[in-house]
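Two complexes come next, and they have one chain in common, chain A, joined by chain B in the first and chain C in the second.
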Partner chain A sequence: MQLDDDMKEIFESFLVESQELLDALMPDLMQLETAGDDMDLMNRIFRGFHTIKGTSGFMGFDSITVITHHAEDLLNKLRRSELTITMDMVDVLLEVHDWIQLLVKNLSMGDDSPVDYSQTLARLEAVINPSAEKLSASKKEEKPPSAIQSVLADTSMKGAGDFTDEQLAQIQAAFAEINSEFAKEISQESSSAASHSALDAVLNNTSITQNPGDFTEDELAMIQAAFTEINTEFSANQESKTIEKPSELPQQIVESTKETTSVEYNEQSKETAAKATPVAATKPSPQTTAAKPAPATSSSADATIRIDVSRVEALMDLSGELVLGRNRLSQISDRLKELFDNEHLVAELLETTSQLDKITTDIQATAMKMRMVPIGKLYQKSPRIVRDLSKEFGKEIELILKGEDTEIDRGIIEELNDPLVHMIRNSCDHGIESPEKRVAKGKPAKGTITLDAEQEGNNIVLRISDDGNGIDAEKVKAKALEKGVITAEQAAQMSKRELYQLIFAPGFSTAAVVSAVSGRGVGMDVVKTNIQKLKGVIEIESEINKGTTFVIKLPLTLAIIQGLIVQVENETYALPLSNVVEVVALTDENCSTINQKRVIRIRQQVLPLLTLKSELNIPAKPTPSTAQYVVVIGLAHQRLGIVVDSLLGQEEIVIKSLGQYLGNIPAIAGSTILGDGRVIMILDIQELVDKVKVE
Partner chain B sequence: MQKTVLIADDSMSVRKFVMLALKLQGVRVISAVDGMDALEKAAVEKIDLLITDLNMPNMDGYTLIKNLRSTTDYGTLPIIILSSLSKDADVQAGLDAGANSYLIKPFNAKRLQYEVSKYIG
Partner chain C sequence: MEQHAAANTSDTILQLVSFNIGDEEFGVDILGVQEINRMTEVTRVPNAPSYVEGVINLRGKVIPVIDLRKRLMMNARGHDQDTRIIVVEIENKVIGFVVDKVNEVLRIPQSVTEAPPSMVSGIKSDYITAIGKLTDRLIILLDLDKILSDDEKAQISQTAA
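And then the complex of A and B:
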């Protein structure tokens, strides 16, 4: 695809707007199944497809135009009540949606090659005309979409002589019409004011159409100049109004965000409405968050701009650096205060530092918020997945979505997509029973899967629950033994929770029958790995025949954390404070050795101990430190005591990656710079816990 | 069936420009010199899309849109505002009045064609 600058800008709009329309269409299409007689819904869907058809036609993306055109035929018949909605129709419309989605995605990567969706077209034809599908197959007359491709769009880059005959004919016809319409005004204006611009010259030249067939060289040049002028510097200086933008500024489209008016044909209101409730796929249920009232309509959209993600990332990085600088500055100020307590300047410095401190915290929080998106975005695909799977498995499943407004870091959402899809599949496949089985168990035939998200402190907690089978810990144990994932000795010691965790082990699958969807033994381990990569934990709560809940706990952001700074011999490390449960002194009384392993007893609980000194091979000082502390670390349900020499304090730390050379050092998650300027390592809690478990 | 677009603007250059751009897109265009004129033209024949300026003599764009919207024929007519008023508040006022899109002058032909293609496929 070769596009000039103007077209590039429009192309970008096309991609963004098409994606927004597709996103909005999906929940609407899902609703169609249950609310097929909802005229507003039907009209909304029709307009969505219609707009995509129009704009893709204008852009010359025929593949999209053709398939959308066919979908529109079906929707038109539905709108006029010539057909009534069936499951098959929803299916095929979803298929069309998938194709458009694929094509738009391809376009965004610069690929405008056609795809073969003939089967979908045939299915569309079949539902539109179930009786006479053969006959009508060729009847459809296609408006050639390429014809819509405008002459203006084609010509702006061309030299005057490069117009095709067809274009010349079009241009001439256009002039003829315009000039005849304006005959009177033109004569008035051309006599009153000298026409300076090429555009005026062309528009006012009535003779240009007098010899249809051939333009002279001069005329061609003039037309070309007019087009150039039109496309580059058309300005409304004829108007008496003030023009606030210089003419070289790109024109703007401002999208309406009006939520409700009497206007039915309001594309924008539809888009916003869809955004406000990203997914409303299943029947509204009392638990589902009700459709929110229109968000402060005018102001919310007015104040919205699209920003390149990289700029937000850059701001995030810079605010991290700012935090480091701030930390350093506060430490120096404190030192100065100790040295020159009576100095007036020091007092002023301290005041300024504390001001800077507040501003820095605010900037950092603001930058972080810019990256936050509602988790509803993550939910978007799930209604479709549940719908397709329940059909495939012959199960009845209702999906309930809660906490869509909960905000989470954009980067985390992207990484969470695949695990979530897999877990939903898992719940549909293994969790929810067939309707017959459910009824036999005294449960409603229709199963329920609930997605729920909420913020708890500095964490986001995402729950995926089903009211199905539940996990049989004994079965899991037997399977794990059979597969050699654990030994009999290990199995005997494992708690229920630990047994559940086994389903995340590589190569583990409990499905009695391997289905195409889940149960290939890959997946759940990937789920866990992905979540661990995000510094999150996943836990399972389950009760046989009642259901299973996967609880995923994730940090709000990956960039800045509260750290506990600890000292071991001469070295300093940071531990993520969110993982610290408590700190206790290490004494002879509470410490003992079991099976040659050191453990600590805290309030009836025995925790394994890990000594950083030996773990990280830290050289001892000539005079070994005497005081020792145990930092109790909690990761999901696991507890571990880490032995350190002393605690230096708590600090807001910015996590810096170690780069590819040092990135894979065991037990080190990253590095940071302390307020005093020292570079220290951040310990990787997950790896430390895993290490103890293996031992 | 060929669609008909009505362009209402008191500037002849703008009317001509819009006509040229849209005719090349294969759309039929009729024009009106102000809001009142537009209202009369829309009463005479069925239009499929209105492109209107805001600041016009006799009847301004806001009033035109409100008048059209109150009719049964044009309650859902797609409307594009074409104006040099570029402040957020102006845009909001235009959309509040009932327009579907708002293009700020100066605009280019392709952008206009793109906007039109949203409503007239």
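And then the complex of A and C:
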């Protein structure tokens, strides 16, 4: 796929837009099943597909255009109430959605080869009962607005002189088409005369200007104006028709002129004397139409702008530097205060510093928020998964989503996608029982899976709970022994909590039968790996026959973290606070040795101990200090105690890499600069945990 | 040193920063040198190669510092008030080198330099671009880029092992 720079820009915005539309379509499609008679919903879905069709057609991606077009046929019938929605229809529409998703994904990777979706098309045909004449009529009528809009989109997007030959040809074709459509109507509709002549002028203009790049700003403006006029005429035309027969139709105000297409269809439904449908009486507003030809979501479009991620990233970096400067400044101020306590100027400095402190914190929070997206985006896929799986297993499952507005770093969302899918599958398959079993246990036949997200301090806590089987610790133990994951000796010592964690071992599955969905023991391994990558912690709470809850705790963002500053001999280190589970004092009583390895006993749990002094070869002071504290850290499901001399406090730290030259230093995740200007190392929890495991 | 430059005007003039490690005098191309700093607090990096002194805070940036003495396999020595950190930028990497003493900026004509002998006081000749023969002394011209790229190779083989 060869694209020049201009096309590339358009192509990229096409990808983004299509993805947004697809994302928005998914929940709507899911809703269609239960609210098939909701005309707003139906229109929204139709518009989504229609916009995808329009833009992909303009870009020349025929694979997408063809399949969307067929989906439109079905939706059109539904809108006109010629058909009523069935499960099969939703299924096939979801299939279409999947295909478009695949095609868009392929395109984003530079692959524009066609895929074979003929089966889906056949299924579409099967659910539609086509009447060839009407179909062709609807196709013809629908073209002008879409042609207008795609050309409008193009002209408003471009500066003068940006057109390629191909685009010029496309625009000309669009004009010609519109012109002929209008010519047909002109005898009946005198109001179109003006726009027809405008069109003629533009058509002449474009055919004269054969050379791409020859457009002047004036000409462009003229073309745009002409289009706008046509669009307005078109809407006005529709409106007047609607008003002619108002008694038949309930009127409804719809947001903007981009509704012209839906008006068109409703118009038709009226002519075919079908059942009454709500009609959009659109107020033509040419300017908004010209400015945003086909916005995906109209209500929120004005309040948001699209920003390059790298710019947000740069802002994050800068605000990180600002935090460091702030820290430094407040330390200097504090020292000045000690030296000149009575000085008026120092008091003023302190006041200014604290003000700066507040602003810096706000700037940092705002910069961070720019990267944040509501976790609802993560939930999007789940209703579909639950729907498909409950059908497949013959189970009744209700999915409850909570805390969709909780915001989380977009980088984290991406990494959470796969784990969430696996965990939902897990809950559907292993968690929720069949309706018969549930009834026998005295539970409602319908099982419930709940996704709940909330912010707790600097962490996001995500809970995935089901009211199903619960995990049988004994069964897990037996299976682990059978698979050789643990030895009999180990098994005897393990607590219930530790046994639960065995399900994260690769290749482990308690499912008796390997289904298409789960049982291969890959899923939980994926969950664990991704949570580890995000420096998160995972806990399992379970009760037999009551259900299971997975609790995932993740840092809000990965760039700036809360650090626990610890001291070992003369050296200072930082530990990511989100991984710190607790801190306990090290005493002779709670510390013991198993197999020549030091361990600590904390409330029934035995944790391996790692001594930083020896691990990092820290040189001893002349008068060696005695290790006093054990910092218990957690990564995903694993726990480990780290022995340090003392705790210096908690500080907001900006992670700085050690640079290309030093690259990957074992056990060190990076460095940070403290308020006093000192550089300290941040420990890599993952590598420390791995180290203990290997030993 | 001006008389050297005047000796042959058509000759290319090399501009060098000269410094000492022990009794030997070295020179590096001035274009690579970003700044020269007094010794500051260096944070040790655990598990790093032994010749890595640690990292320093250079106006908000964390940069690695290499003990050139150790890197060139010379006997270790403590720091004193003459100890300096020469900060160089090589291929977008900013790195500090600890040296015993920084002397001066030299301008010498290319013609007074000659290819290095195979071995100079135990230093691998790969790192040496040339020997500058001044009237009263010799200067070893170092290729810091080469030292760094060799380090990386060494590190890669270390991690692979």
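What we mean here is this: the second predicted complex is superposed on the first by the 391 of 695 C-alpha atoms of A that agree within 3 Å, B and C clash if a C-alpha of one lies under 4 Å from a C-alpha of the other, contacts with A are read in each partner's own complex, and residues count from 1 in each chain.
Note that in this section a contact is a pair of C-beta atoms (placed from the backbone, for glycine too) under 8 Å apart; a residue touches a chain by one contact, two chains touch by 3 or more.
All values derive from a computational prediction rather than experimental measurement.
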{"item": "Touching partner for A:Asn664 - first (chain B), second (chain C), both, neither", "value": "second"}
{"item": "Residue contacts with chain A in the superposition, chain B compared against chain C", "value": "B"}
{"item": "Contacts of A:His50 with chain B and chain C, given as first, second, both or neither", "value": "first"}
{"item": "Contacts of A:Ile400 with chain B and chain C, given as first, second, both or neither", "value": "neither"}
{"item": "Chain B versus chain C as contact partner of A:Glu321, first or second or both or neither", "value": "second"}
{"item": "Residues of chain A that lie at the interface with chain B and also at the interface with chain C", "value": "none"}
{"item": "Complex contact set, residues of chain A against chain C", "value": "321, 324-325, 571, 615-618, 656-668, 671, 673, 677-681"}
{"item": "Footprint of chain A on chain B - complex, ascending", "value": "11-17, 19-21, 23-26, 31, 53, 55, 69, 75-78, 83-88, 91-92, 95-96, 98-111, 113-121"}
{"item": "Contact footprint of chain B on chain A as seen in their complex", "value": "6-7, 9-10, 13-14, 50-51, 53-55, 57-59, 65, 69, 72, 147-148, 150-153, 156, 170-171, 173-175, 177-178, 181-182, 185, 189, 199-200, 203, 227, 230-236, 238-245, 247, 251-258, 261-268, 298, 302"}
{"item": "Chain A-touching residues of chain C, taken from the complex the two chains share", "value": "41, 43-48, 52, 55-57, 60-64, 92-95, 148, 151-152, 155, 159"}
